[in-house]
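The next block holds one structure in the form of structure tokens; read it before the comments.
By written order: A, B, C and D. Residues from 1 in each chain.
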Amino acid sequence: MTATRRYTLIISCPDRSGIIAAVSGFIARHNGWIVEASYHTDLETQRFFMRQEMLANSLPFELDEFITRFSELASKFDMDWRISDSAKKKRVVILVSKQDHCLNDLLHRWRSGELQVGIPCVISNHEDLRGFVEWHGIPFHCVPMQDKTAAFAEITRLFEQSRGDVMVLARFMQILPADLCARYAGRIINIHHSFLPSFAGAKPYHQAYQRGVKLIGATCHYASAELDAGPIIEQDTMRIDHGDTVEDMVRYGRDIEKTVLARGLRYHVEDRVLVCGNKTIVFR
Amino acid sequence: MTATRRYTLIISCPDRSGIIAAVSGFIARHNGWIVEASYHTDLETQRFFMRQEMLANSLPFELDEFITRFSELASKFDMDWRISDSAKKKRVVILVSKQDHCLNDLLHRWRSGELQVGIPCVISNHEDLRGFVEWHGIPFHCVPMQDKTAAFAEITRLFEQSRGDVMVLARFMQILPADLCARYAGRIINIHHSFLPSFAGAKPYHQAYQRGVKLIGATCHYASAELDAGPIIEQDTMRIDHGDTVEDMVRYGRDIEKTVLARGLRYHVEDRVLVCGNKTIVFR
Amino acid sequence: MTATRRYTLIISCPDRSGIIAAVSGFIARHNGWIVEASYHTDLETQRFFMRQEMLANSLPFELDEFITRFSELASKFDMDWRISDSAKKKRVVILVSKQDHCLNDLLHRWRSGELQVGIPCVISNHEDLRGFVEWHGIPFHCVPMQDKTAAFAEITRLFEQSRGDVMVLARFMQILPADLCARYAGRIINIHHSFLPSFAGAKPYHQAYQRGVKLIGATCHYASAELDAGPIIEQDTMRIDHGDTVEDMVRYGRDIEKTVLARGLRYHVEDRVLVCGNKTIVFR
Amino acid sequence: MTATRRYTLIISCPDRSGIIAAVSGFIARHNGWIVEASYHTDLETQRFFMRQEMLANSLPFELDEFITRFSELASKFDMDWRISDSAKKKRVVILVSKQDHCLNDLLHRWRSGELQVGIPCVISNHEDLRGFVEWHGIPFHCVPMQDKTAAFAEITRLFEQSRGDVMVLARFMQILPADLCARYAGRIINIHHSFLPSFAGAKPYHQAYQRGVKLIGATCHYASAELDAGPIIEQDTMRIDHGDTVEDMVRYGRDIEKTVLARGLRYHVEDRVLVCGNKTIVFR
């Protein structure tokens, strides 16, 4: 990641020849300097997906003007599209329970400048992590879960008030209501402590132990109405053996969980993840 | 693996203190030289598992005498036990369909001397691989699958006639009858082309493609009555991305399948795998 | 890899804006259908690298005509460029000594159709592998190494006579003369059994054992005048531990060597590898 | 790791038959319950290495008595040996410069109870991390490096005053004087940001970038007089590609560095690492 301001153009449209030429021609006519370009055609839907990252100051006009001018081309190709500006950092609201390894990891990446986002607040159903969060100068909201309806209403209110772009469930350990998942589809990122689709639901390391698998894993995915079944962004696995107890798996697993979540979130905030049905395209 | 002749003693018994001392004391009293020793206690069943590899010529008597003398100690600790002799190679019968990447890999390890086994025959439901197998000087039997009952009876007959120790399903692509799995429990090794328990059954790469996972895998396990649900011996995974088609996965997958099967089979023939319920202990 | 005929256009030129637009515009004007497109700018040399794969039958003319028409555009941007046709398989000459794990692996990929190349001959300094190679219907030439000058002259003659595109040193275990490396720069692929730059030269597993590393590796690279110092195409590593002897490392290492070589060779024959100084760009 | 108090017995001695029997017999006679046992023979030196972990309360006497009684046996076999008590936590002094990813990671493992050690103080040559360290209630000492002799004298004084068992260089970025390394041989753990022996010394990611390797790595090792050449405890690698800049490598590398250091330190404080010449035996 560089300090240079960049625009990132994300496009999906029905596949046909000439799309790359039309888009790159448009950018070239305005002297736009493309620093990264990625393409993909989904064979099942015959849809084309595209990501172009360009230097903001190579263009002779502002983002508004780009949007106006590009719209004509976009409608010609029947494009779904958006453009983002690296100068406008994504706002990430983190939800956490008591386990703080993912939170600790994300906050370190944030305070060291590795993760270029804003964190308007952290929400938890317990008070335990208040001190650590507030030490960072980040507001901490405790929302108890006794009355779930009220709790999720409050979480929604806090997210809206924070003008959150993305909600990260950093081992939140609570099942989100389906309407919340639907409302923020593609904007809620969960880390599940198994290599999905194996071991969805509760206590995945216990399930893994019972089945006697030889590797464990973690999965970063968008939350959807069906539990642990949303589009997968990133996964990883690591080797265990017969001598490892459930407690060992929990301990090893934390290291996979935090790196998988950090990578998935990074891809998301850099506009590298495009959702296609229940799958993702990740332009790394 | 060395050319030096070794005895491998495999024990399981209820856990208590003094087992290691009793066994290693027995071996030491007869001047046995232990070159590898491994232990494990299963916490759920409170059973103790042990593997001792010793130099055959360090002992003052033959295997028969060892067995006689050790039996007394074994019954005192209520042991299930066996001892194997590296001079007596395991006899491996390989079953294969048309896909030959695992067969090719196993036969190369065998002819290069890496895999110290005998291969009395290869059985297939197609003629395609006869030439390649027979080039190695190994008998090839074609058993068509039109009449499954007759076919599996013939396979059983061939296995028995070959005095087979272990049956390897090297991408055999046929579901074995439950009674065959029961008869040879812990002696039939299958390679499944997914990271089990995900994507059991048919066309696992298609299933993986549909789910949009970010890694694919392979699993080597003992066949059991329930399909793809037997004790897992070895697994591995590799990274894919959104650009990979099912055909790409099939191609990448072959490389995992063959190494995972080769490792699993090696552990088995070196008496490194102990079954405990539906799990395995692998003393690598 | 698909059976559909494709043209692959490889370009490198000084970086500037408008290159992608010019090339994709050229292809679009002739209704060319791009199925894969990759770009890279080398920051040190400020050179731009590009690979475009297009469906051959989407273009209204043959390759000759493409070349003629594209030349004008190419000279405008001062491009080094070439275009290849998937219908014209690369001709791969394999050199091998006595260790045959890489040879066995490559020949299987070839006969199963996974590796879409021609193999005009296999050359060895020993007779051992003649039977196995000839079983495949591939000519086998034994070139003894007593007189190295004569031997390498003969190897060059055989390579030329075979109209070889690429020479693969599949554990050939002989140091090539510098002039041969220079003559076929970027066309000789070696597999070295260490994670370079560690443990160049002879007996890398012994070196690794002495140093006490916790992972071993293999490196596929283009041969250059300086031993084991040419541009790296592909590498991989695997975990070992203190219990592993040099012999164990040799055995494990074979599995890495063959997959790393197979991947590197595949990238090469699919025109995915571009050399930039002493480094490679691999458009996977 | 469990809360149950354990004794860990570490032995090395010339190899001969009967060692395991003698040691396990000794423990069994006193009703000691062994929960983990590991062995290794170094083939070059013909030395035998052993680690036995037993439940403290299974023995009828205290550690002093164990030591007295075991000494007789130990001298019979010419053993180097020690025994540690899990109730007596190792004291870890952390040295750090400005980069805090390893520090942040270690402090989280410590405050979450995953890493069962004491941290008497953190020492740095900069003031930057004082606030973060002191938030944990851990004393922070800033020792500027202008006068290196004085600085290392002060570091030694602080380490001694803290009764430190092990000194961790968590990206300290300073070369330790040879006499300090000698004085605390096997007690200073460094994390180097390359896959040693490749890229020792300064700016390893720049070296890796220049060489064009396809994976980067990190190495946790004991510091010795020769820079980055001490016994390796743990290593790992990860894949990069031609598109990754030095800055990308630095960023990815942080994730390997912190997990490799955390694993290496954990092995050390659990008495799992035995040094043998310039290599380590790690009984995981």
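Descriptive notes on the structure:
Going forward, a residue touches a chain if its C-beta (ideal position, glycine included) is under 8 Å from a C-beta of that chain, and two chains touch if they have at least 3 such contacts.
Keep in mind it's a predicted model, so treat the numbers as computed, not measured.
Between the two copies, chain A and chain D, the Cα superposition rotates by 180°, quoted to the nearest 5.
On a Cα centroid basis, the chain most remote from chain D in this structure is C. Chain pair with the larger contact count among A-C and B-C is A-C, by C-beta pairs in contact.
Here the CA centre of chain B is 36 Å from the CA centre of chain C.
Between the Cα centres of chain C and chain D there is a gap of 41 Å. Contact with two or more other chains is made by no residue of chain C. Within the complex formed with chain C, the residues of chain A that make contact are 17-18, 20-22, 24-25, 27-29, 31-37, 39, 41, 58, 239.
Per the touch definition, chain A reaches chain D in the complex via residues 1-2, 100-101, 104-105, 108, 112, 114, 135, 247, 251, 254-255, 259, 262.
Interface residues of chain D facing chain C in the complex, by the touch rule stated above, are 40, 43, 195-199, 211-215, 217, 231-237, 241-243, 245, 278-282, 284.
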